[in-house]
């Protein structure tokens, strides 16, 4: 894995301090004390994270083997894997899992493409560039709950919303975007929120482009597009990867936007896994089943995350070589 | 969508040499402004609606010109948003302080020559970000209830710290990696000089990075909704929770809702505007100086 | 390096100062800003309520209670209906102690009383001078009592459902609303009054998922068509001809003559559309009348007539629902000590007693008085005058609603627009999601009902099992 190469490269960059011998000196690099100096500062954060984020999952696993309806006291009993059987035979759960993937990938991809385009548009001096950038990053700063509310009410409202007013001449009339196209409506809100993030990243990437290379390419007579494809895009690659991975990390857990805009509806047409599990737990009060769904989701996430993390590790090892 | 993006790229990279037509340049400037205003427009409309009377917010076609009123803001503050703002502020600042207190040493340790299994630890940190929080909310609720910490702002502080710590460790580590190796290695020679050189040498170098990290943690903490809505009630509820309660199930509410949303979003928007460059620095994990 | 260390040190001292401040907050044991500004020795009572206008009025008036009771400080948690329900249920069921009093309905009260989660209010009411328990509307009082006959929550308001229609539009079109309309007639009217060019829909009906949203009016339609959720042996009946006919009717009516965005329309959205003059009829809760007749919010004041909930030719039993938002005290409050229960009850009795209605009438206007809970409300001259257009219909609808015998054919459950079983929150929500998707046109009514039937069968089987064990 590229990860070990990475740390290797850090050490190799400074070979003088690397002790060649495995034996432990009493003081200095490699000593037992040195090890604790290195490891000690890590422990508080590590222990804190383990306690707060990992222990609850152990409870979740335990609950997933119970049949337990919260509003039906005395109903708690051990049922083994029954909850998992229900989860896997629940067609809604499969639909919702698919939604999760579509919403996440769709939003990340569109936001990245738009973010790239907007960043290129801003990567030149023009009057008011700072103001335009300020305007553009605002959606990322807005509290998602507030952002979702804006979209749900003043933008998408079928009668009083701005979207239908603007699209009225094109025959939108009183289209009810949120119930006719719930997933699209959510993707629009999420893309609106995350495009600025992608743009900022790409803009940072563009700014760090070595000018000499660009100049050299132009002197060689390359066209604008060729320069972009051959020089800029490869340079941006790790910024794009970083944006996709970070965006996906946050977007896969989207809850507030769905909660505020559609409540997962109509039906479960726009519910993603976090929202559906929340509904099972806090509307259905079916603790056992929602826990089982949680466990399934966690396992699926770990598999996907492992793949995604390979990507991020590659980005980072590249970043550290700069 | 892709076609549009393709064209834009093409044009912009053509313009970079800035020798061809100025008309192309002006067009791109206009386009940039249109895009900027387009993205900002929903926010603008929210603020505008916040200054309307409820009746004026429900018109078809929408009204752009009207007599502005502060009634909605008066209602928001009269309706007691202040404790929510204070709770948000407290949870945001405290969790960010805690994140930096816990995250800086961890990032330092992870940036030294390889701590055993550095990558595993980093992997672990970031993987906690990917797990669906919702899967753990019931146990968290039960445990928090058991220790009597429901509706306590400290519960949010602890959870927000855990929520932001992984990203913070990653960001901070990338900033530590920029510190010259000799300084760090010298620092790790023995305990006494470690803290001194950390304080006097390393800290000043990474403090811009810490500020960037802190800023991003603050944005996420201020905007957090899920824990807040499930674990607080009267005393510790934060601004996003206030927004949800603001939707009355009857009557006209667009204008007052927009006023509440404006108040809720304003602090972070302003901080973000002011510290734009820090934002970029933090988000790009120090890849940009 | 040395030149830079001075400002660095100053900065450090600022950080230290901030940390000291924070430590002070820690040591003071501050749990949140909501606890700030408490007078010495005051008792805090936390109440979770649904953010409907009548409750907002109560919050606005609560400083008066605090002035009369300086040793009690009130903290309200005001949430929209779905959120309030989720939060309150989770809290009470897990023994969470965030709330001293909770707002629940006649759905939760009997079940939670059975579970031992609520404080018996009979002794408290008896010990409160002038608190006339017998004044509560009888149908509501019985709906808020446990199987032991004791009352476990006190009604803040009560509601049934009726049909609101625009008299001016009916006159314009030469139509007359019968004294007891049928759904078939209503569909005919809606068809004639829909005018898409003028942005006007014939009728507004809820389509928003949620057992308290679309399921409420739809269940009354199902009842009117002679349908039921279960037969006496807990066999699910959601694919029976009666239910199919009723649901098909409801969905067709919405799709043809409903407001745009019906699948996301709940009480609030329908209220907006109707009061802004965009719908000719609206079938919903009787409390809607207060909104419709409020000149600050409504464009149609004085133009609206009120007819009983529509029935069908086959079944002319009164079909309106019965619902009450009521206040209860969870057992966890009792565990905090009798003083906490007394303080909580003091406020609950204040909010549900007769003088409160006078107070609201005088301060907020007589149309804002919470309706339906007390019979004496309908004896207040000012209220009768202000609400003449709808008060008699409201009172009649509430008193006729019978949650013990809601359906034409016998059923093993009680409840008009809900089933008083713990599984119903979940079942009703899931079924409502399917039906809402049908209203949105994403699936057919038959598909929605097939899926709904599956859910209902699972729940029914668990009751069949239990009864099998009992016999």
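When the chains are written out, they are named A, B and C in that same order, and each has its own residue count from 1.
Just so we're on the same page, a residue touches a chain if its C-beta (ideal position, glycine included) is under 8 Å from a C-beta of that chain, and two chains touch if they have at least 3 such contacts.
All values derive from a computational prediction rather than experimental measurement.
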Chain contact topology (line, ring, star, complete or other): complete
Dominant chain pairing [most C-beta pairs in contact]: A-B
Distance between the centres, which are taken as Cα means, of chain C and chain A, whole angstrom: 37
Rounded Å distance, chain A centre to chain B centre (Cα mean): 14
Per-residue multi-chain contacts in chain C, two or more chains: 87, 90, 94, 199
Chain B, residues touching no fewer than two other chains: 58, 60, 142, 230, 244, 247
Interface hub residues of chain A, defined as touching at least two other chains: 157, 159, 282
Residue ranges of chain C in contact with chain B within the complex: 1, 4-5, 8, 19, 22, 25, 30-36, 46, 48, 50-53, 56, 75-81, 83, 87, 90-91, 94-99, 199, 266-268, 271-272, 275-276, 288, 291, 297
Touching residues on chain B, where the partner in the complex is chain A: 1-2, 4-5, 8-10, 12-18, 25, 28-29, 31-33, 35-37, 39-40, 42-43, 45-46, 49, 57-62, 102-103, 105-106, 108-110, 112-116, 118-119, 121, 123-140, 142-143, 158-159, 161-162, 165-166, 169, 174, 177, 181-182, 185, 188-191, 194, 219, 222-223, 225-226, 230, 239-240, 243-244, 247, 254, 257-258, 261-262, 264-265, 268-269, 272-273, 276, 279-281, 283-288
Partner chain A, residues of chain C touching it in the complex: 82, 85-87, 89-90, 93-94, 111, 115, 199, 207-210, 259-264, 273, 278, 422-423, 425-426, 429-430, 433-434, 436-437, 439-443
Of chain A, residues touching chain C in the complex: 69-73, 92, 157-159, 174-176, 178-180, 262-269, 279-280, 282-286
Residues of chain B touching chain C in the complex: 54, 58, 60, 82-87, 90, 93-94, 97, 141-142, 145, 148, 150-154, 200-201, 204, 229-230, 232-237, 244-253
